[in-house]
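Input: structures, listed below.
Below, subunit A partners subunit B and then partners subunit C, in two separate complexes.
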Partner chain A sequence: MKKNNRLLKDRIAEQLMAIMTISSLLLVVAMAVGLYLKSVPILQEHSLWDLLTEGEWRPMADKFGFFPFLMGTLYVSLLALGIAIPISLLMAIYLTEYAHSVVKRYVFPFLDILAGLPSVIYGVWGMLVIVPWVSDVVAPSLRHDSSGYTVLATGVVLGVTVIPLLVSLFIEIFSNVGREIREAAWSLGATRWQTTKDVILRQTAPGVIAAVVLAASRTLGETIAVIMVCGNLAIVPSSLLDACYPIPALIANNYGEMLSLPLYESALMFAAFILFFVVLGFNLFSRLVLRKMENK
Partner chain B sequence: MKRAIVIEKIWKALMYASIALVLFFVVSVIWSVFRRGLPVLSWEMVSSLPGGGFYIGKEGGFLNAIVGSIYIVGGATVLGLLVSIPVVFYLNVYLKPHPKLGVVARLAYDILFGIPSIVYGAFGFTIMIFFGLRTSLLGGIIVVTLLIIPIFIRSMDEVAKTIPQDILEAGYSLGSTRLETITVVVRQIAPAIATATLLGIGRAIGDAAGVMFTAGFSDSIPTSLTQQTASLPLSVFFQLSAPQLEVQDRAYAAAVVLTAIVLILSLSGRFIMNRFSRNKI
Partner chain C sequence: MSIAISIPHIFGTDFTQRVPWTVHIPFVVDRKFPRLEDTHLTTRNLNIRIGDTHILKDVNVEIPQNKITCIIGPSGCGKTTLLRTFNRLVDSIEGVKIDGQVNLGKQDIVAANAGQMSELRRNIGLVPQRPCPLPMSIYDNIAYGCRIHGVRGKRKLDLVVQHYLEAVGLWNEVKDRLHSPANKLSGGQQQRLCLARSLAVEPSYLLADESTSALDPISSKTVEDLFVKLKRDYSIVMVTHTLRQAQRIADYVIFMYLGEVIEQGDAKEVFSNPKHELTKTYLNGGIS
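Then we have the complex of A and B:
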């Protein structure tokens, strides 16, 4: 009897844990369905094409053009990646190909700190350091007048937030390359840099691209840090010194008033749905590529 | 040959420069926050609630935000661990003979980890409206729990994967059921649970976008799960948008408190990892 009891417990636990695992997985599906259902009303009123390409945003007058927000998101993400990729790549190459393990011991805690700092702190830093830098140093040197709350400031702040993610992914990818491959290149007389450029980077190219896509998805969803430095103007930015208004900022700034108008709420949920959809796609792609690299 | 060596030197210099730049960013973030916030931080701010006229610069502090954050993070951490430990156990003990579902599950958790917190917030908000709930402490706890479950599961699973099958089989051969090996498994991954918890708390306490939608904001300390609650990141964010210098001062002071908490968490996480897993760098 006692034994049966124990086996029964084991079975019940198995079922319970299976339910927990599967229901936590269904969260992805639930999110997709939930956000989609909420965006149906706006999609019935306006065509998807119009929503994505119209430039006018006046919810009270039934104008829901997402184009400025999409462009804002695109510009700041590209700029952030343009800043973060070279820095992270060089840093990761140094740490895997050149550095002593002692150096890693001292550098890693710094990366931990950078990775752990909350978004709002990056925003505070942006307001204290980067925004004044843009308005007092960069803009005057280009004979431009700027408040500092610009695409440039947002891109710099976002770029710094994704550096730790990129560095740790790159390090993982480079460390997967066998030592004998490096030694083969060295024995042919290649310098370390030649080995890195012609052997390591060539072999890990898919992984590097996957890591960049993952970092891109991270920049798309960053919210509070972005709101604090982007200027929040619904325009299509035409230069680095223009204000911008990325999608997450749009959602977070207007959640309070959106309930006043059913279509407004639907529009913001549609924005969240786009964000979810793009991030999901990016993540799926890069995780599958990274996994394939790992198993090789 | 000479040329290759010169090129090597140039690239190496660029690598040094990039590392210096990253170190500069770290120092700059922390130094700028502390330099602005530390001089205006006072005991009154961390120990009292907002008084009347708080938002136009009158007396008071942000104790409501500190306690609110502790409630949200505490609740979410406990709930998150209650879900993720069984899931990790299931993935690594019950599912070990059939790894197919494990592969799919791990992919899904990786993806959930990548979903931005604003999407969690928006989703949580629609769910709450669907069930007729208002923004509340409970809503905040639920959304933050969802947010940190993938972090918990991924970092514990990373270590649980390395538990040798032999250990489990030794248990089975002594007559234990799969469930009863849980004590062995938990003991094996104990440092990972600790690190994951610290990581999760760090992420949870810094999250603003998720709680903005679901927990709202309040000047008092919530006394029940259905009341709105403040949180540290939102307290920083809202007060910074005020025009008065006194209010902004408090935002920077709150930022110092938040940064200090997160620094302690991330450094102790690294310490635990170094102390208990020596084969890792």
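Then we have the complex of A and C:
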């Protein structure tokens, strides 16, 4: 009797966990469907192509061009990753391959704290330090006039925001490489740098790519720190010293206001749908790349 | 220096079953690296502590040339630590402290700086416990060692790769897929690849840390036979857990117990006529 009870509990636990897992997955699907339904009105008024390629954003005049926001998101994310990836890689390599354990003992908790800081703090830091640095130092030295609220400032702030995440992911990945394979390279006479470059990075390439994708998703979707430093101007940035307006900032700034215009709400939902789609597509693409690499 | 090249043997092509016959001919590939004049590997009063633990106590050994030296002893006696001192892999252990001398010829291994260490490790190759090919193609696994030491040129490297794959009897098995990933090979093939990889940088010594323990019996035998053949050109130091393996292939034996060298000498002598009580007990299976 007791034994049957035990098995029953096991069955119930299994089913319960399965239901929870499936329902959270369904939630994602429901969100996608919801966003799509909400953006149907604007898709009926304007063609998808026009929405994505038109540069003019004047909701009151029925002009909904998302091109500036797409470009803003793209530039800012690329710049952030361009800053964060090399720095994080070198930090992680130093910490796993070179640093003494005493260094690790002090740096690891510090990194965890940094990774856990709310992004609004990074935003404030950006406003107080990076924005003035851009407007007072960088722009004048390039004979340029700038408010400081620019692609450059946003890229730097975003880059710094994702560095702790990337470093801890990379450290995890590099530490998983077996000691034996390092020793194999060392015992041929390889230096630590040669070992890292030729063996560790090659072995962990799929993991490194997965980590970068995770960080990229984060930069694509980061909102609050971006709003604080990006300048929020709906223009296609033509240089690092122009303001920009990434999609998350657009949604967060405007949703809730002026929703008397039904098409406006629909446009913002469409923006959210684009963001959802970009992140999803990006992740799926990276999965494909990873599978290809692993099969090779 | 001379080499062993393989000729296809007469019993079909199942190379996992037998090591191809080898004949001895002068070295056909030009030497890429300078040869050490004095290759005597010795330790004097070697003491190793890790934290508060005294791992090796006053170890004095001299590794004979062109012989297979087996370090035997129960688990935790320090034999692997001794082996890994020869190529300074002990350095990677946190809190390790080395006292005393380890010499390769005139060079002090313990005092070697980074540049000397690279050269030292080239001279003292390691065959790992478990096969671990580098994450690259079969070809690059062999060529890598030469490349990191600055040997360039495709034709040169082609020769090196073929030469050493033949030396370990792997050439005929892999010659059609040299550029496919090395981790697709079987365990025994991988271990022979690791051996060839170590040989490709022309070491004087080969360190083997239970290099056959993770292999199936047939592959294990193949690798063991290779060691016996290679001792013509290399001095081999081997840590082994299986006493029978030591009895089969050792020329010289070092018996260690609790971090001390209890007895060392000619293999036949030690196995048939051990002088120390502990050695006797160990050989009779009294300590494990």
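The rule is simple: the second predicted complex is superposed on the first by the 258 of 296 C-alpha atoms of A that agree within 3 Å, B and C clash if a C-alpha of one lies under 4 Å from a C-alpha of the other, contacts with A are read in each partner's own complex, and residues count from 1 in each chain.
Basically, a residue touches a chain if its C-beta (ideal position, glycine included) is under 8 Å from a C-beta of that chain, and two chains touch if they have at least 3 such contacts.
Just so it is clear, the model here is predicted, and its values are computed rather than measured.
A.B. asks: Following superposition onto subunit A, is the placement of subunit B relative to subunit C best described as a clash or a fit?
C.D. replies: Aligned on subunit A, subunit C fits beside subunit B.
A.B. asks: State whether A:125 touches subunit B only (first), subunit C only (second), both chains, or neither.
C.D. replies: A:125: touches subunit B, not subunit C.
A.B. asks: In the overlay of the two complexes, what angle sits at the CA centre of subunit A between those of subunit B and subunit C, given in steps of 10 degrees?
C.D. replies: Placing subunit A at the corner, the angle measures out to 100 degrees.
A.B. asks: With both structures fitted on chain A, tell me whether subunit B or subunit C touches more of subunit A's residues.
C.D. replies: Partner touching more subunit A residues in the overlay: B.
A.B. asks: Contacts for A:178 in the overlay, against subunit B (first) and subunit C (second): which applies, first, second, both or neither?
C.D. replies: Once the two structures are laid over each other on A, A:178 reaches subunit C alone.
A.B. asks: Applying the document's definition of touch, where does A:151 land relative to subunit B and subunit C: first, second, both, or neither?
C.D. replies: A:151: touches no partner chain.
A.B. asks: Tell me which partner A:188 touches in the superposition: subunit B (first), subunit C (second), both or neither.
C.D. replies: second
A.B. asks: Just to be sure I read the superposition right, which of the two partners does A:21 touch: subunit B = first, subunit C = second, or both, or neither?
C.D. replies: After superposing on A, A:21 lies in contact with subunit B but is clear of subunit C.
A.B. asks: Would you sort A:212 into first (subunit B), second (subunit C), both or neither based on which partner it touches?
C.D. replies: In the superposition, A:212 touches no partner, neither subunit B nor subunit C.
A.B. asks: With the two structures laid over each other on chain A, which partner does A:199 touch: subunit B (first), subunit C (second), both, or neither?
C.D. replies: Second partner only, subunit C.
A.B. asks: With the two complexes overlaid on chain A, what is the closest approach of subunit B to subunit C, counting only CA atoms, in Å?
C.D. replies: 7
A.B. asks: Under the contact definition given at the top, report the residues of subunit A touching subunit B in one complex and subunit C in the other.
C.D. replies: Correct list for subunit A: 101, 191, 194.
A.B. asks: In the complex of these two chains, what residues of subunit C are touching subunit A?
C.D. replies: 87, 89, 92, 94, 114, 117-122, 124-126, 128-130, 132, 134-136, 144-145, 148-149, 181, 194, 197-198, 201, 207
A.B. asks: Sort out for me which residues of subunit A touch subunit C in the complex.
C.D. replies: 101, 178-191, 194, 198-199, 202-203, 296
A.B. asks: Mind listing the subunit B positions that touch subunit A in their complex?
C.D. replies: Against subunit A, the touching part of subunit B is residues 4-5, 7-8, 11-12, 14-19, 21-23, 25-26, 28-30, 32-33, 36, 83, 86-87, 89-91, 94, 101, 104-105, 107-112, 114-119, 121-123, 125-127, 146, 149, 153, 177-180, 199, 202-203, 205-209, 212-213, 233, 236-237, 240, 251-252, 255, 258-259, 262-263, 265-267, 269-270, 281.
A.B. asks: What does subunit A use to touch subunit B in their complex?
C.D. replies: That would be residues 6-7, 9-10, 13-14, 16-18, 20-21, 24-25, 27-28, 30-31, 34-35, 38, 86-88, 90-91, 93-94, 98, 101, 104-105, 107-125, 127-129, 160, 163, 167, 191-194, 214, 217-218, 220-224, 227-228, 248, 251-252, 255, 268-269, 272, 275-276, 279-280, 282-284, 287-288, 291 of subunit A.
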